[in-house]
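Shared between the two complexes below is chain A, which has chain B as its partner in the first and chain C in the second.
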Partner chain A sequence: MTYHNLLFTLAVLFALWAVMAKKLLTSAIMLALLSVTVSLIFFNLGAPWAGVFELSVCAGLITVLFIGAVSLIRAVEEKHPESRAPFNALPLAAAIFAIAGWFYLPAFFDELASWRRLAESSGTIGAALWDLRRPDILGQVLMLAAGVFVIKSVFPRRTEK
Partner chain B sequence: MSIFALDWYMIALLMFIGFYCMLASRSIVRQLIGLEIVSKAAMLTVISAGALTANLVIAQALLITMIVIEVVVVAAGLALLVKNFRVNGNADIWKLDSLKG
Partner chain C sequence: MDKGLLAYLLIPLLSAVIIPFAARNRPRLADILANVTLLAGLVNLGWLALRPSVVRGDFADIPGDGLALLLVGAIYLVALCVTFFSAWFMEEGQPNRAAYYSLILASVSAMTGVVTTTDFFTLYVFIEVLAVTSFALITTDESRGGIEGALKYFFLTFPASALIIVGISILLITLGNLQFETLRFFMSTDVPPGPVVFASALIMLGFLIKAGVVPFHAWTPDAYQGAYAPVSAHLAGIVTKISGVYAIVKLGTLLRFFDGRASALSEMVMFLGLLSIAVGALAALRQKDFKRMLAFSSISQVGYIVLAAGLGTPLAVIGAVFHLFNHATFKTVLFLNSASVEKSSGTTDMGKLGGLEHSMPWTSWTSVIALLSTAGVPPLSGFWSKLLIILALWEAGLRGYAGLALLFSIVTLAYFMVMQRKVFFGKKSQAAESAPEVSAPLLAPAVLMSAVIVALGLLFPYFYTYVKMVAERIIL
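Take a look at the complex of A and B:
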């Protein structure tokens, strides 16, 4: 129980750090740590497949993409940084939201949780993925193809005139 | 208060931080970082709801689809960032309309 709450607190702290960090590289690394914490929460909730995907794709691949993009634009970003005032005000805004939400949100979520209907057991993850949700696999393949087309249309090959 | 209500309270806080980042910043990288934080909160909600209803199998199958979509969105957003940087020399979200053909 305590470990579970500690992981959620860590996730919020890493998110705050990622938003407030002055350097974009620090933000990208904190985002990776947030992903690691979220995947630990998945493992803790009993969802190992989701945890493995989160750890390999979100903490690995997306961090590499972010660090690659940040290293391209870093010199100019450091020369003309954004105004820091809105980011320095974030802890205050988050604290106001947390205190105001404490009076309403947990009661609402408790009521929401009381409406649950327990599901029938639906077998293994393999059966769910390949039998029950096969259209999802097709959707994923189409989504990846769409991503490839976006990259290709954003960076067209230069043709000689 | 149940443990799920406390989890969802933290998830709401995480989502607030992500939305704040997207509202406060004009840099495309920070917009994407805010989007990532919001999508992490959404993923936590899906898995937490799956654990609540004892139906983690379907929740995990849905979450794998979400992760694939998230990767494609981030890759497309970063490609736009690099293109915008080559055209305008900065990463300002308000300069994106200069990319129109």
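Take a look at the complex of A and C:
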């Protein structure tokens, strides 16, 4: 139960951070962490396939694409800095939502947890990844390596210019 | 995953990771490491494929369905030609030399992953890696054309990936798992195939876009023309073959197109194949730029493979696999030579070129061999693969398709004749006057590939027994 609540809280935190980050790169990384948390929630709710695909596609592939795209963008000094007031209001809105959730959501979480108990026999994350999708891990390693090479290939050209 | 070929995936990946560290102070080490890795892999593959028992026609030792081995061979051969060429082509002091070779090796790993996997989702993961590496490679020299090509590539191939992933999820819901064998087994039962064929059609559509088949060909000419010169050889020679065409052939055999259970999809694929042949050939006739004409010719030749894959009979699959391999060899020669022409004369505009035969004889004559093979002139390798495809169409009773395929083969010959006259033969133009022959290392890959083209044509009976074994193993 605590583990569940922790995951949900983390998911919300990462989501907020992704929206509020000043740097695009931070935003992309927070989005990846959000995906990791969501995939852990999937695993915990007994949906290893959904978890594996969330981890592979959203946390792996999409992040590399985002980071690749961000590395292509040149920093431009903006004349009028963007207004961040709406973003600052976001934590406030989240806090109000959290207080409302404190009263209404526990029943919903209890129900989710009971689903998890039903699916407890489906094995751990490691087992699901290793037994079901071993070649994908290789693909992910390759993807990460490719992402690093993309950045290495694009950044020197930018700094040179 | 085919474990027998796993080393061909892991070793380039390892080299790719080592290169940036090893070549930090000595940039030339990156060239050496990349070339040695690929050469070692190729020698190893040569040993696997040319053992006395295999040459005698006993294929018991060939791992998997044999197609993976053949394609891994093609991948290593083309990549070795490209890296060897790049080592002399690339300007000294380019800041991202190590990253360039790392990206090429990562794309070799990804392509090996694509051809050895037996699972749709793993296939997807490797194809995405391939898309990311290609995207970065296209922009290597940061020219305007390169960035435009890369963006077009991006905007067309990522929606294709979205289609593929949606198809894969429907397949997972309907079949229960994503193994290739499950789909093949399902198609041989009597269960109504509706949702499975729908999912497969989405996946097929994604791969048709990635292969640059008409009407999804908009990215191909820009990407090939704008890309850094050796990279366009890598892309046209092997990357689009593996990331699109291979998957189409594979999916066609898994759906058992020949027994008519997915006849609507099979007909659609065949129609798009023929459309590509026609549009590619007719558009190539009108091009004024050497590389752009080659790009349209590529679209047309991919059409032949797609047409044969859509038909799906054993003979057609033999033709498709053979043409896939051949196309990799002759497009590599042509694109590498176009890079040599560009380096030497400073242009690829066919209006300004002419009479290169006198000043660049090696480049000209290797190009002529590749052109004739593409057009299907006997006894070169391209003749046999086109013959097999046309025979398969005729045998299946599709005489109209067979006739049109033959007709456009003649159109291919026509546009290549025009190109030969404009670029290599005829009167020496001003650009040709000041264009010396490129150095021997730049010629070596083109000469090697031309030798492969001639050898495959002349030793066709030996090669045919191998390709026939492949077709038997992947269809049965």
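Here is the rule we use: the second predicted complex is superposed on the first by the 90 of 161 C-alpha atoms of A that agree within 3 Å, B and C clash if a C-alpha of one lies under 4 Å from a C-alpha of the other, contacts with A are read in each partner's own complex, and residues count from 1 in each chain.
Quick note on the criterion: contacts are C-beta pairs under 8 Å (C-beta built on N, C-alpha and C of every residue); 3 or more make two chains touch, one makes a residue touch a chain.
Small disclaimer: the values here were computed from a predicted structure and weren't measured.
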- Give one of first, second, both or neither to describe whether A:67 is in contact with chain B, with chain C, with both, or with none. neither
- After superposition on the shared chain, which partner residues are touched by A:25: those of chain B (first), chain C (second), both, or neither? neither
- First (chain B), second (chain C), both or neither: which does A:142 touch? second
- Examine A:98 and indicate which partner it touches, taking first as chain B and second as chain C; both and neither are also allowed. first
- With both structures superposed, pick whichever of chain B and chain C touches the larger number of chain A residues. B
- Check whether A:55 is in contact with chain B, with chain C, with both or with neither, and answer first, second, both or neither. neither
- Message: Just to be sure I read the superposition right, which of the two partners does A:13 touch: chain B = first, chain C = second, or both, or neither?
- Response: neither
- Query: Which chain A residues contact chain B in one complex and chain C in the other?
  - Reply: 49, 53, 57, 61, 65, 68, 133, 136, 139-140, 143, 146-147, 150, 154
- Interface residues, chain A side, partner chain B - complex: 1, 4-5, 8-9, 11-12, 15-16, 18-19, 24, 27-28, 31, 34-35, 38, 41-42, 45-47, 49-50, 53-54, 57-58, 61-62, 65-66, 68-70, 72-73, 76-77, 80, 82, 86-87, 90, 93-94, 97-98, 101-102, 105-107, 109-110, 112-113, 116-119, 121-125, 127-129, 132-133, 136, 139-140, 143-144, 146-147, 150-151, 154-155
- Sites on chain A touched by chain C in the complex: 49, 53, 56-57, 60-61, 64-65, 68, 133-136, 138-143, 145-147, 149-150, 152-154, 156-157, 160
- Query: Taking the complex as given, what residues does chain B use to touch chain A?
  - Reply: 1-14, 16-18, 20-21, 24-27, 29-30, 32-34, 36-37, 40, 43-44, 47-48, 50-65, 67-72, 74-76, 78-83, 85, 89-91
- Message: Under the stated contact criterion, what part of chain C meets chain A in this complex?
- Response: 1, 9, 13, 16-17, 20, 95-96, 98-100, 102-103, 106-107, 109-110, 113, 117, 119, 121-122, 125-126, 128-129, 132-133, 135-136, 139-140, 142, 158, 165, 172
